[in-house]
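For reference, the structures are reproduced in the following blocks.
The two complexes that follow have chain A in common; it is paired with chain B in the first and with chain C in the second.
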Partner chain A sequence: MKANIYINAIKQISAQNALCEEWFEKPIYYSENFVKSLDEDYRQYFSPNEVRRLGKMLKRALLTARKALESNENKSLDAIITGTGLGCLENTELFLDRMVRQGEQMLNPTQFMNSTHNTISSLIAIDTGCKGYNSTHTHNGVSFEHALFDAVMLLNKDNNTTAMVCGHDEMTPTYFNFLQKAGYLGQQGETFASETAVAMLLSRQQTDYSFCKIEAIDILYGQPSDIVNIYQPPTEIDAIMTGINGFDKNDNIYTDVCGKLFADTPILQYKNIFGENYTASALGIYVAAECIKLGVVPLHLLYNKKRPKSIRKILSYNHFGGKNHAFVLLSK
Partner chain B sequence: MRIFVTGIGIISAIGNNATETTQSFIRAKSGICPIRYLSTSHKNLLVGEVKQTNEEMKRFLGISQSTPSIRTALMGMIAVEEAIRSAMLDKKTMSDSMSVLINGTTVGGMDKVEDFYTDFIENDTKNEYIHMQHCGTCSEMIADYHRCFKKVNTISTACSSAANAILSGAEMLRQAEADIVVAGGSECITRFHLNGFNSLMIIDESPCRPFDAMRQGLNLGEGAAFVILETEEHFNKRAVQSKPLAEFKGGANVCEAYHQTASSPNGNGAFKAMKVALKNANLQPSDIDYINAHGTGTQNNDLSEGIAIQRLWGNEIPYVSSTKSFTGHTTSAAGGVEAVISILALQNSIVPQNINFENPMPELNFLPVVEKTQNVKLTNVISNSFGFGGNDTSLIFSKV
Partner chain C sequence: MQDIILELKENIIKALNLEDMSPADIDENAPLFGDGLGLDSIDALELIVLMEKNYGIKLRSPNEGKEIFESVVSMAEYIKANRTK
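What follows is the complex of A and B.
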C-alpha cells in the first residue's frame, strides 16, 4: 500500500538507554541470552499508586506515549493503535500460574484486567484522553507492522489525523524458557531475548522534527518463494533494515529473499544491539528512521560490510517464522 | 463504494452452522447449559458451549486426531469453511485473488496452555503447544487449514475484537488492499477467562438476563463466526447466480477512555460508537429497524448501553435485543457471532427474542423484544460490541 505519511516523533524504552539515541554512538552490547529493558525511574513520572498498580510494560507504554506527545509540535491525538505479540504477558502469567498451582479460587481480578492485549491501548487512551480510534493488533512477529498498516489506512482516509502507533512486548524468565523450547528465542547463535516499548506519532503533515516519511507498507503471508513472486519491490533503495539475529534458520530467509529481490543492496541489522522479541521490528523501524534523519548509518548496524553510499531510502524487511513478511519503505 | 457481505459462517452454542442458528432463534431455544466440555471446578456455572468435542470437530474437518490443535482454531476453521461455501467461492478463486483473513481473538490457545502449563515447566512432552498460545498462531492455523490467504492478521480488542476485524477488512477493500476479505472472530471458553470474569464478580449463576432489572451478570459462551466481504464490483464480476446476503454500510471504532473495565453510567462510548457508525453509513437513527445490543447482562453494560440507546433514539426506539441469552457472551468472537446473527435477522425477517427478560429496568424507557417477532420488515440493523478498556465498536448491515 502506498503512503505519504510522516513519522514525527518516536520514543523508546529497550535494552539500550531509554528515551534517547545513545545507541547510535555508544551501543551497549550484551552477552546474556535474556535482557530486560533499561527502565527509567518511574517514580519521577507516576504517582505512588500508579507505580504500584501498573506493571512494567504499562508504565513503559504510558511513559513512551507521553514523551512522544511532548516532543511533537502538534499535541492533539486522534487514534491509538498498538502492536503486541504476547500482550500483557506478566499479568497473564501471574494469573495463569496461580490458577494452575492453587486451583480456581481466590484469583486476583486486577491481574486478569491487566492481562488482555488491549489494556495497553486503552490505558494510553485514558491517560491521554484520546477517545478516537483505538485498536490492538496481535499477529506474532508482525504485530507492529499490522498496527502501522492500520494507521496508514486511517491517515490515507483523513488528512488531519494524528495517530499514535505503539509496539510493546515484555518477557519473563518462565516464558523465555518456554519460547526457547518452542524454538523462537535463545537459539544457537541467536542474539539476546529482549523487550520492546516504542511509541511513534504519525501524520500527513511534516514538521521540523519529522524523522522520515513512510512511502509504502506491505504485509504478506506465505512462503519466501511466494513472497518473492507477489511482492513488488521498490527501486533505488539505499539499504535494507533486516531482523537478522544470528540464528541461521531465521537469517537464511533474509539473505535469500534480499538476494532475490535486491541483489547488491547493503543489508543492515539492529537486533545485535536491541535483541529479539515479537515487536522488535518497531525498534528496527525506529533505528532506520533515525539513520535517515541523520543521513548516516553507524558501523555497528552494517551486516554484510557494505556501507550505503547515501542514506535517503531504507526498506525495513521483517519476517516471522518465514511465513509473515512485512515491508516498510522509509524515505527522507 | 459498496461493500457486500457475500458469505457467512457461524458455530456457537445454538448451532454448528447458519441454518441451525436460525432454527434456534425461531424455536427460542437457548444454548446455555451446565458446563459439559470444559474441565473446571466451577461446575455450577452455566455456559454457552459449542456442542462438540475437539475430536468431533477434527473429524468434521478431516484433521487427524494426532495433529495438535486448539479449540479456538478448530471452531474458526469450521466457520470459515461455511462462510467460503456460502459465498459460492472456491479455494482456487481465493488463492488466485488477494484473499485476506482477519481474525479477532484474545485467549488464542490458552485452553491448551492451562492444561499443559505444568508440563511445559517439568516434562517437555507438550512443547508443540507453546507457540499456539499466541493469538496470531491461532489465526495462522485457520489460514493454513484453508491454504488460500495471502494476508493474515489478528485483532485483539477484548469483546469487540471480531467487530474490529470486520471494520478493518472493509477498510482494506475500500483502499484496494484486498479482493476478498474473510473477517470475524473465534474464541473458546477457557478456565483462564472463566475465572477472570468470575473474579470480577460479573457472572450470573442463573441464565443471564440482559436488560432485566434483576440481572446479575453474564454467562460465558464460545464460538466462531466470519463474514465474507467483497466490493460490489468484485462480486458482480464473479457473476454469482444469487444476491449478496447483505450490505455492510459502515461502522465505527471509538474508545470511551473512561475506565479500564467499566463503562460510563451515561453510555458515552456506546453513544459515540453508534452515532459515528450511523454517520459513516450515511443513515439517520430512524433508519435503523433493529439494534442487536451488546447486552451482556451485567449491571454496568446494560445500563450504559441502554442509556446510550435512549439518548440516540429518544422515544422512537427500534427493536432491541441481546442474543447473549442464547449464545452466552462469546467474548472476542461476539462481534462476528452477532454480525452473522444480524445478517440472519435481515435475511429471515426475524428479530431474535431477548429471552429470560422479566423485569423492566427503571432507568430505561424501552423494553427489549420479548416475543417471537417474525415476518418483520428489516432494512438496517446495527450490531454493538463493547470491550474492556472502552473499546466500543458498532457495525451496520443492510438489506440489499
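What follows is the complex of A and C.
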C-alpha cells in the first residue's frame, strides 16, 4: 500500500434498515435462520420499466450505487468493481430451473440478462455513464476483499480516480437449503443467513465526509496455523472486526488466530445483526468504517466484552472455510 | 375473441411483470411499443417466448413481428388463426 486511500461514501441495503445507520443505536435482531434484506420501495427511485425488469439484487445494487455517489462531493466515477460470491442468484435459479423443465427451449431473455455475475457492475456503469474500468470478482467468502484489493491497486496507479467498490449477494430458500446441507449456513448456533448490498466510494482525495483510510489489505491462503506464521500483524490496533457468527467451527478459527496474533485486543462482531452470506465482510468493513468515523463502538458489537480505549485503527479479519483469509486495516 | 384478448392481457402482465396493471388498464387497440404500453425490444423477445409457450406459435420471420405485435388485438387475431395449443 503506497498512496493514502480513503473510503468517502458507503451505502447499504441489508437485514438492518436500508440506507441509514439505525443499526448503530437500535439494531434489529432476528430469531429466524434465513432473513431477506429490508428493501426500499423501489418505485420511489426507479422508472416503471426498471422496476419491472430488474431483479431484486440489481435494484439494490443500483440504488446503493446512486446513493453513494449522491453523498460524495465528487459525482464522477472512473471505475466500478464488484465482489459477489453467488451473483444474481434468484434469476440464475429461475433461468436454470426453466432450462431444465423446458428442455432448454422458450427461455426468458430478461432472466438470462439478470442472471450473470457481471450484470451488476455493467448495470451501474450504464446508469452512471462510467466508461472506465469495470470488473467483477467472485471468490466465495473473500470476493469483496478481492474487489477492494483491485480498487486499491488501481488507485495506487492513478491519483485522480474515484472507484466504486460493491459487495452484493442474495439468498433463495432453495439455495439456503443446499448450503445448510453442505454445512455453510444455518448450522447449530449460527446467526441467520442474510443478503448483502454495499456500495463504497474510494479515492485518494480525503473529504469532510471521509469514513476512514485503507492502510493495508492482505489476502492469504492456508490453514490457520500457516496464517499465524505468515501474516505480519500491524501494531497498535484498537480492535479486530471479525466474522464471528455463533457457529463453533467458524468462530474457533477467529479466536485461535486472534488469540495468537492479537492477544488482549478487543474482538468485535457484526454478523449477529447483519447475518451471514458470501459478501457479509463488506458489511463488516462498513461497520468498522462507521465506528472509526464516529469514534465509538456500540455495545452490541463487542464479542469478548473488551471495550476499545480509543477507536482509530480497526483490522477487519474475514476467513472463508478456514483456508481463505483476508485482513483489511482501516484507520482514522 | 374477447376471451383470447382477456387471457392474452393476463399473460402479458405476468410475462412482462407489469405488477401494477390489470387487464382493464391495457387498451387492446393501443400500440404495444412506443406510445401505448411503452414496451421495448427485450419485451418483444418476451412476447415471442409467450407466443410459443402458451399458444405453440413459433415466429420465424422478423418481418412478421411488426404486424403481429402492433396491439393486443392484432396478437389475439394471429393467435386465433395460428395456435397449435
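In this text, the second predicted complex is superposed on the first by the 329 of 332 C-alpha atoms of A that agree within 3 Å, B and C clash if a C-alpha of one lies under 4 Å from a C-alpha of the other, contacts with A are read in each partner's own complex, and residues count from 1 in each chain.
Note that a contact is a pair of C-beta atoms (placed from the backbone, for glycine too) under 8 Å apart; a residue touches a chain by one contact, two chains touch by 3 or more.
What you are looking at is a predicted structure, and each value in this text was computed from that prediction instead of being measured.
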| item | value |
| --- | --- |
| Which of chain B and chain C A:H146 touches, first, second, both or neither | first |
| Partner chain(s) touched by A:V100 [first = chain B, second = chain C, both, neither] | first |
| Partner chain in contact with A:T119 - chain B first, chain C second, else both or neither | first |
| First, second, both or neither for A:N108, with chain B first and chain C second | both |
| Per-residue contact with chain A, leading partner among chain C and chain B | B |
| Partner chain in contact with A:Y221 - chain B first, chain C second, else both or neither | first |
| Residues of chain A contacting chain B in one complex and chain C in the other | 105, 107-109, 113 |
| Chain A to chain C touching residues, read off their complex | 48-49, 51-53, 102, 105-110, 113 |
| List of chain B residues in touch with chain A within their complex | 40-42, 106, 110, 113-114, 117-118, 120-121, 124, 127, 130-131, 134-137, 139-140, 143, 149-158, 164, 168, 171-172, 175, 177, 191-193, 195-201, 253-261, 269, 272, 387-391 |
| Footprint of chain B on chain A - complex, ascending | 1, 80, 85-87, 95-97, 99-100, 103-105, 107-109, 112-119, 121-123, 125-126, 128-140, 142-143, 146, 150, 153, 156-157, 174, 177-179, 181-182, 184, 219-222, 226, 230, 323-324 |
| Residues of chain C defined as touching chain A within the complex | 15-20, 38, 40, 42, 45-46, 49, 52-53 |
